[in-house]
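Read through the structures below before going on.
Here chain A shows up in two complexes: once beside chain B, once beside chain C.
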Partner chain A sequence: MAKESNQAISRKPESAMKHILSFVLMIAFTAASFFLVMSDAVPSGWVIPLLLIFAVVQVFLQLFTFMHLDQKGSAYYTIFIIFGIFVAVISAVGILLM
Partner chain B sequence: MANHTDSSTEMPNHLETATFEGKNKVLGFWLFLGAETVLFACLFGTYLALRNQSLDGPTTQELFDLKLVALATALLLTSSLTSVLSMIKMNERNMKGMITWLVITLALGLGFLVLEIYEFLHYVHEGHTFMSSAFGSSFYALVGTHGAHVTFGIIWITTLIIQVLKRGITTETAPKLFVSSLYWHFIDVVWVFIFTLVYLLGKVG
Partner chain C sequence: MATLIVLLVLVLFLAAIFTGGYNRQFLERMRNSRTWDWLTTVDHKKIGILYLMGGLLFFLIGGLEAIFMRLQLFAPGNDLFVGRTFNELLTMHGTTMIFLAAMPLIFAIMNAVVPLQIGARDVAFPFLNALGFWLFFFGGVLLNLSWIFGGAPDAGWTSYTGLALNQYSPGPGVDFYVLGLQIAGIGTLIGGLNFIVTIINMRAPGMTFLRLPLFTWTAFVTSGLVLFAFPAFTVALLLLMFDRLFGSNFFDHAMGGSTVIWEHLFWIFGHPEVYIVILPAFGIMSDVISTFSKKRLFGYNSMVFATVLIGFLGFMVWVHHMFTVGLGAISNSVFAVATMAIAVPTGIKVFNWLFTMWGGEIQFKTPMLWAVGFIPTFVIGGMTGVMLALPPADYQYQDSYFVVAHFHYVLVGGTVFGLFAGIYYWWPKMFGKMLNESLGKWHFWTFLIGFHLTFFPQHFLGLFGMPRRVFTYQTNVGLERLNEISTIGVAGMLIGTIFFLVNIIYTLRKGPKAEADAWGLGRTLEWSIPSPPPEYNFAQTPLVRGFDALWVEKEAGNKTMTPAEPLGSIHMPSPSYIPIMMSLGFFIAGFGFIVRGIPAAVFGLIIVFAALFLRSFDYDRGYHVEPEDPEKGGKE
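Our next item is the complex of A and B:
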């Protein structure tokens, strides 16, 4: 039990700055996604791949900052969610190609 | 960490995982989120497969209004930030700060929900209903399931605020607040894919 509480102490309290920075990045990626579609700035073949990349980047920002997966002791959480994403991608692609 | 002599050695910095039960709650919740990911992936797959089957009803290009979607996105994304800020306040044992951020989170979530209800009413008026086409069915199944998650999240966080007002921030209430915050971020993660794959892709064609 003593070991358990020591582990909890050794993790530093979080600063709000990291989350605000992550939020600004997410807003920027979201704005870029909307801009891609509302303007004709990039060739049409590039729009969909870029949209997907922007979405994936935002999800990783959420997972590793807002959802605290960057902290110590998150290995099992990461395994669970990655396995979920693995099955999810197979399911979605399977339904799409059906 | 032997040189830790400040008052933080009295109480752990992360209240949500300070007890064995709290740790298990968070771990179990991540397993639940893994399953939720699969649920939404199936709804996304169905929607993407059927989105062009609009029969005589309006198509995605005619229907969607990106300004409304941008506003809804801004509300939900900001609520995700306020939710994480409330968790920081929780670990500082700052009850007033935590509840303030939680109430702002709820207000933004409610704003999002009002926009979505308005949007659905507008679509039904345009002849785009659950029964009108395969596009309609898959659209409402996907976006509606997300909206139901937002509704549940608002009810859940409201009841947690009532409980924490009665019991204070303890090793019992902290894991509950923490997993509700994880849930809220997950809702935002799903929304990122909805605005990308449903609305923006609907405009691109």
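Our next item is the complex of A and C:
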């Protein structure tokens, strides 16, 4: 049963370009983050907001290129992502408040 | 670096001389050799055996460290291992036992059993499975190399940064901890991910979620915990690596950092880790108890519910490791209540095991002995756990031997007993040989008695005020006798382990061959195929018609499972040398960073990237095998 439904949602292979582009972009964003912190290119008040923006962009690249969030999947994706967000929020709130 | 290259060239020359030069024949001979087969295998059964051997090796090393510590504590004012050496022993004992013994042994049993229990031919990602093992192994070797390269880590297995930063722990010790665990941790994360996908996607027809054997359920929840808990540790280790290697100040309070952040990150990982190592033991117990009581598991649905609930609550209790940090009364109370709530699903499980045995036709084979020994031992550990969950009381217990006694009762009495039960139970399935029963019983009784003799007095040592992690104590404060008893108890566990090793060696040579249904009582799918299973596991994927799939067929008078597909050629993944190559790259890079040899680190990373590249453009689609027809009595 599980096997059949798996085959039913299999799609035509995606282009390698999309993956390579996302991969390069993510490495570039990471390098840029390091550069921002190490150099004085931007005023220090701007560093943290910029880092957060970079992080959000990377999350979306990760979710949509490599984790196929843009495609129709099963409920498992949703369950695991929601649980992940739940754990992350609890941990972040815990660390920030305490 | 230069020496390294010279050595490498020398080895190549020697290999060339001894094999008659580089030629096709040599490659051919290497490919067909047994060693190459094991190094490149992607078969989950072989990887399970590799995990088992790796885990047992580190279990022995960690045990040896424990023996050394107990010898030091045998008498007051002893000077066998003092100061830094003792700190190294206790750090390496904890780290080795948790990360390099308990976790790989769990992955060993998961690898050996889960695909068979769900009626699958392999895990979802065989390549990643091999990669996970080799990363764990090289990470573990890297960590243990610290003993000969400048001293082991000495900041405790929790590596609190108040002890672990450069100014507090000079020398490379903690660097080995950081990089060794980082590499082993990537392997664990990969393994966890693999099992989630396997259990969701690879179940045989009819194997719904509420028909999964309980061990598979706990493996599933454990893998989920690995997936969500390990990233916190990865981040913590990365920050510590930057602090120690590149001079950042995340944890240095003098420079505006905070050591409490490490404690939070460590325990956000560390508490789920506790459930990562105990839940599979619960699963093993459930399968073993139900099999040897010849009864369906009592309250299956509530067992599943309790497992999921424990996994869920496991993420909301980490602050109970930090009650005395001073986070305030409100956080302490919230986390105390959450912690005590976990006793409820755990209690459900304990009662369900008792009710499974109630009125059952119990056979006390070795796995069942471990399971029965597990229940009271684990309950003692659980009750001291609830005592520790009360913040006011915890202020008294904390950092004393009471805590040491508590977590050894849950980790040894829970996880290790569970693992031994699982190893004895599934050994025939993994190796095709039965382990010797009387040696197994000697192992159980000496280990059980030795265990309680060692750790029961430690409760009282703690209550009498003996602090943990301190290498000596004074005379005439009432600690001598109990410490002597505790050290003598270790001999029991040592003798038990020796019985176990003798048992393994003896039965691998002379043991009787195991039947497909080795215990004659099998309830789940793994007992419907030969021991050890053929490389494709199931010649035909079985059709599952209920919980305890094989038992359902036995009740219906069938000898085998009903197949769900016609006999046909089976697609198999090709073996690959890339996992070991990539792990070796990480190992070299890690070692390079530790000795601050940047060229070596770059060299290692180049190997890693070369392996990534090779894998990305690898178009090997595997091969097909023709299964033996089980109806025609194919060879086992």
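Rule of thumb we're sticking to: the second predicted complex is superposed on the first by the 76 of 98 C-alpha atoms of A that agree within 3 Å, B and C clash if a C-alpha of one lies under 4 Å from a C-alpha of the other, contacts with A are read in each partner's own complex, and residues count from 1 in each chain.
One rule holds in what follows: contacts are C-beta pairs under 8 Å (C-beta built on N, C-alpha and C of every residue); 3 or more make two chains touch, one makes a residue touch a chain.
None of these values were measured; they are calculated from a predicted model.
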First (chain B), second (chain C), both or neither touched by A:Q62: first
Chain B versus chain C as contact partner of A:F83, first or second or both or neither: both
First, second, both or neither for A:S91, with chain B first and chain C second: both
If touched residues of chain A are counted for chain B and for chain C, the larger one: B
Common interface positions of chain A, toward chain B and toward chain C: 6, 76, 80, 83-84, 87, 91, 94-95, 98
Residues of chain C that touch chain A when the two form their complex: 196, 200-203, 205-208, 224, 227-228, 232, 260-261, 264-265, 268, 315-316, 318-319, 327-328, 331
Partner chain A, residues of chain B touching it in the complex: 1, 4, 8-9, 12-14, 17-18, 20, 26-27, 30-31, 33-38, 40-42, 44-46, 48-49, 66, 70, 73-74, 77-78, 80-81, 83-85, 88, 91-92, 182, 185-186, 188-189, 192-193, 195-197, 200-201, 203-204
Complex contact set, residues of chain A against chain C: 1-3, 6, 76, 80, 83-84, 87, 90-91, 94-95, 97-98
Touching residues on chain A, where the partner in the complex is chain B: 4-6, 8-16, 19-20, 23, 26-27, 30, 33-34, 36-38, 44, 47-48, 51-52, 54-55, 58-59, 62-63, 65-67, 71, 73, 76-77, 80-81, 83-85, 87-89, 91-96, 98
